[in-house]
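Chain IDs A, B and C follow the sequence of writing; residue 1 opens each chain.
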Amino acid sequence: MRKMRMVALLAAILIVAAMPLMAKGSAEVSDDGTFQMTKEARIIVPANPGGGSDISARMIADIVNRNHMTEKNFVVENRPGGACAVGYNYVGSQKGDPYTLLSLHSGNIVVSAVNGWEMQWDDLTDIIAIMAWDDITLCVRTDGPFETIEDVIEYAKANPGKLRFGSDQRGNTSQLGFELMRKYIGLDMNYVQYDSSGDVASALLGGHVDVGILNPGECIGQVRGGLLKPVVTFAPERISGELFGDAPTFIELGYPEITYREFRGLSGAKDMPEAALNYYVDLCKRITETEEWNVNYLEANNLQPAFMPHEEAMQFTADHVNQIMQTFEEVGYFDLLN
Amino acid sequence: MGYVFPGLSILVGIYWAVKAFGYRLWVLNGPGGGLFPLIAGIMAIVFGAVLIIRRYRTREKADFSIKSVLPIAGVIGIIIASYIIGLIPALGVFIILWMVIYEKEKWGKSIAVGVGTALVLWLVFDLWLAVPLPMGVFELL
Amino acid sequence: MENIALLLHGFSIAFSLENMAAAIFGAVVGLIIGAMPGLGGITGVSLLLPLTFGMNPTTAIIALAGLYYSTMYGGAFSAILLNIPGDSPAVVTSIDGFKLTQKGLPGKALNASTVSSFIGGTIGIIILTVSGPLLARAGLAFGAPELALLVLFALTSIGWLLGDDIPGGLLATAIGLMFATVGVDPALGQSRYSFGQISLLSGISFIPMVVGFFGFAQVIDMIIAGDDGAVATHVRIRDCVPTWKEIKMMLPVSIRQGIIGTFVGVMPGAGATTSAFLSYIMEKRINKYRDEIGTGSMIGVAAPESSNNAAAAGAFAPLLTLGIPGGATTAVLLGGLMMWGLQPGPLLFTEQPDFVWSLIASMYIGNVICLVLAFVCIPVLVRAISVSKKVLVPVIIAVCVIAAYANSYTMFDVVLMLICGVLGYLMKISNIPTTPMLLTFVLGPMLEQYVRQSFDMTRGDPSIFFRGGICWFFIILILLVSFSPLLKKLYTKARSKA
């Protein structure tokens, strides 16, 4: 009995002792309108560790912490579930909090718009900055029948309804590439949808689809290994580096309308104090100027450098979403629902 | 009580099957989002009915006990309490109360098990795995 | 032979102090996480991956790979002792494992699972060592139509699991399929049956569901049963040690299922659960002691455990040789490779031989570590299960709640766990088996997606399902399974006439 009472007492002491550790700071905006961090900021990742959003969040946190760029540290918190809805809505619930940030990926925003969430991306978050382009390429198998995008287009035109186009689930950014090619080149292809880019690469390697839509970071290993070959990019300019540099843009091929890019960056909870928002915009700018960001992150993952601050980024994103919604509207995607 | 589950299955099966048509059975030259739910719903209706008929014939009884409500009430209590005192303390308090009130165990032993479990869960989930747990009032401190 | 030399070189790296420490650390952590009800391989790897960020890649992957397959060992523990599978492959283990515990033989079940996990895992790693690249190439031959038929084959053989109560089992199958259709539909990418809940937009989470249906329902049952004793009474350590006869019974099963499991693990997306399930129904069909399987047989534990550990090793083949993930957990590991600054792809073997071969070498070592650790734990675990129900019941309830919560840090998952627990209890008192439900829940979405992909490829032409040897092989198997009762009847009729 005595022993047990001791344990209980000890536990009580521990809990009381730990209380100050749980103490929370309040947002500090000083009189001259500048913001200073008084507690750790969390970057919410609306997905599991290991994915693209997770890698970018950890990179940002690592650069900030290692170089002591802020008063307090950044920590990364994964909140997966509901595609990305659980993470986004969690950030939405922290309205006005300058310490809740979000790993931004344009694909998630598109999901919120196409699936008609009750609260849209711009109700839940404010974009702090776009910090990298994640461009999109179309790949073929090196031991397959196609060598260039011209081969693909020629075959698809000669054999309508035969070319198998491996891609993400419908209603995603990847479908935009398919629909734009259909509209502006007049290609009649079969849209084959997979759960993940890994599955697309796997089906492409096995010859179960003819072309696959992939980010460079998702296929660079197979491209270097000589198994896959990028034949075209959807970006407005060619992707840098020798592996992807040979793939032309659709603009060069004479289809300027077939252009779009995905992007990554940092968002924050909706309506945080303006001083805090400016503080983070400036921080993001400084992060994108570091060598670590450019070499260890952008180059290693085959992303293209970018910087677009809050207002410009919000406008750009809204336009991107509009382009997709309009295209989906035109092809009758929404008519298929209900 | 034996009719509850098959009966529930039939109701849910009907809902599933009706809703399935809205998700389309065949779309863009392939099975639509409604085809599998429709199959599942029909299966639930058919086999739920078979079970009800069989149960009626054999007068088979299911041994339901009112005691089964206790753990359910317990978890609901934990969920509510976790918003007030935080999840880990709520679990500890639940264990202590359960052992004292339901199992008629001594306070000492109950507190030891409750605090011990809470401590282990706190170490594993909060300290080590860094799972963000609801803190209740402790968040305001 | 070149592989052997490279492997020996790999061993020399893996045996360094740092890497051995990493392997042991991974194995210990994995065993604990796996043994926690509701926490399995993917959760373990996801939770610990961030900690390895910035570590030397070789050390990091050794720790994580050790963790990955030791969760397979640990997952069987809670499945056997508490009837709560930690992850989906262990669902099959719990069928016979928990029955053995109820018979007072938890030690035997744990030993059967540990030994067969070791045998299966080792076979998988040997196959990986000898023919990794070849194996991955073979896996690529499986496209959507082949995989659809494989899953369909697994689903048609559910009949063997149903036992006497066929309508009850089929109702459970229907419920599993209904649960499985919540979430994104594979045709248009829209959410179905989400009831306005954001947590349901991408489907019902497996972990809260399985914790509810198995763990929480089990607890309710324990309370009703009412006696004050333990789950397993009269447990003697002597009963933990398998007899020579039992070893002779399990050995061929473990070897056979280890080989098959490796190949199933290589197929894109098929993975450990499918292999565990296939191995179980195969033994139920062909084993000499098949009548005992399902009533608490060591073969019923050995087959899925050997097979799922082999599949875990097999899943590394496409990851290492092609840079594509074979399953959910290897997908997280793939992200890890990129975080550590490695480029997964076909060049990994030639550019990073130290990394690849020390990883493979560490898998041999890790398997031995897991075996030893598990043997040390078994007597302790067997004791722990002998604790009075008065203590066990509230503690399991607490663990169920936090395991469900930790799935996605929302109370919604706790509520989901509670609802599934109540449904599980209702099924139990209505004598409806829960296992077919969980298996269709896992396999249903795979079938739906593969069928959709097949139709997408040919724009609605079903002839794709007959496109080659692999397809025909599965079609013949499916026909044999479906008509086997009929064939059997005809055969006995013919014999009685003769």
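In this text, contacts are C-beta pairs under 8 Å (C-beta built on N, C-alpha and C of every residue); 3 or more make two chains touch, one makes a residue touch a chain.
What you see is a predicted model; the values in this text were computed from it and never measured.
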Which of A-C and A-B has more C-beta pairs touching across its chains: A-C
Chain closest to the middle, measuring from C-alpha centroids that were averaged per chain: C
Inter-centroid spacing, chain C versus chain B (mean Cα positions, whole Å): 23
For chain A paired with chain C, centre-to-centre distance based on mean C-alpha positions, whole Å: 31
Length of the line joining the C-alpha centres of chain A and chain B, rounded to whole Å: 34
Shared interface positions of chain B, touching two or more other chains: 24, 27-28, 118, 132
In chain C, residues with contacts to at least two other chains: 47, 186-188, 190, 409, 452, 456, 459
Per-residue multi-chain contacts in chain A, two or more chains: 191, 336
Residues of chain A touching chain C in the complex: 48-51, 54-55, 58, 62, 76, 78-83, 85-86, 89, 114-115, 117-118, 161, 164, 169-172, 175, 190-196, 198-199, 201-203, 205-209, 217, 220-227, 296, 300-301, 333, 336-337
Touching residues (chain side chain B, partner chain C) in the complex: 1-2, 4-6, 8-9, 12-13, 16, 19, 23-24, 27-34, 36-37, 39-41, 43-44, 47-48, 50-51, 54, 62-65, 67-68, 70-72, 74-76, 78-79, 82, 87-88, 91-92, 94-95, 98-99, 103, 105, 113-114, 117-118, 121, 124-125, 129, 131-134
Parts of chain C lying in touch with chain A, wherever the complex brings them together: 42, 46-47, 49-50, 53-54, 140-144, 184, 186-191, 196, 198-202, 205, 268-269, 318, 322-325, 331-336, 338-339, 341, 343-348, 407-410, 449, 452-453, 456-459
Chain B residues within the chain A interface of the complex: 22, 24, 27-28, 89, 108-109, 111-112, 115-116, 118-119, 132, 135, 138-141
Residue numbers on chain A that touch chain B, as the complex places them: 1, 4-5, 7-8, 11, 14-15, 19-20, 22-24, 77, 191, 336, 338
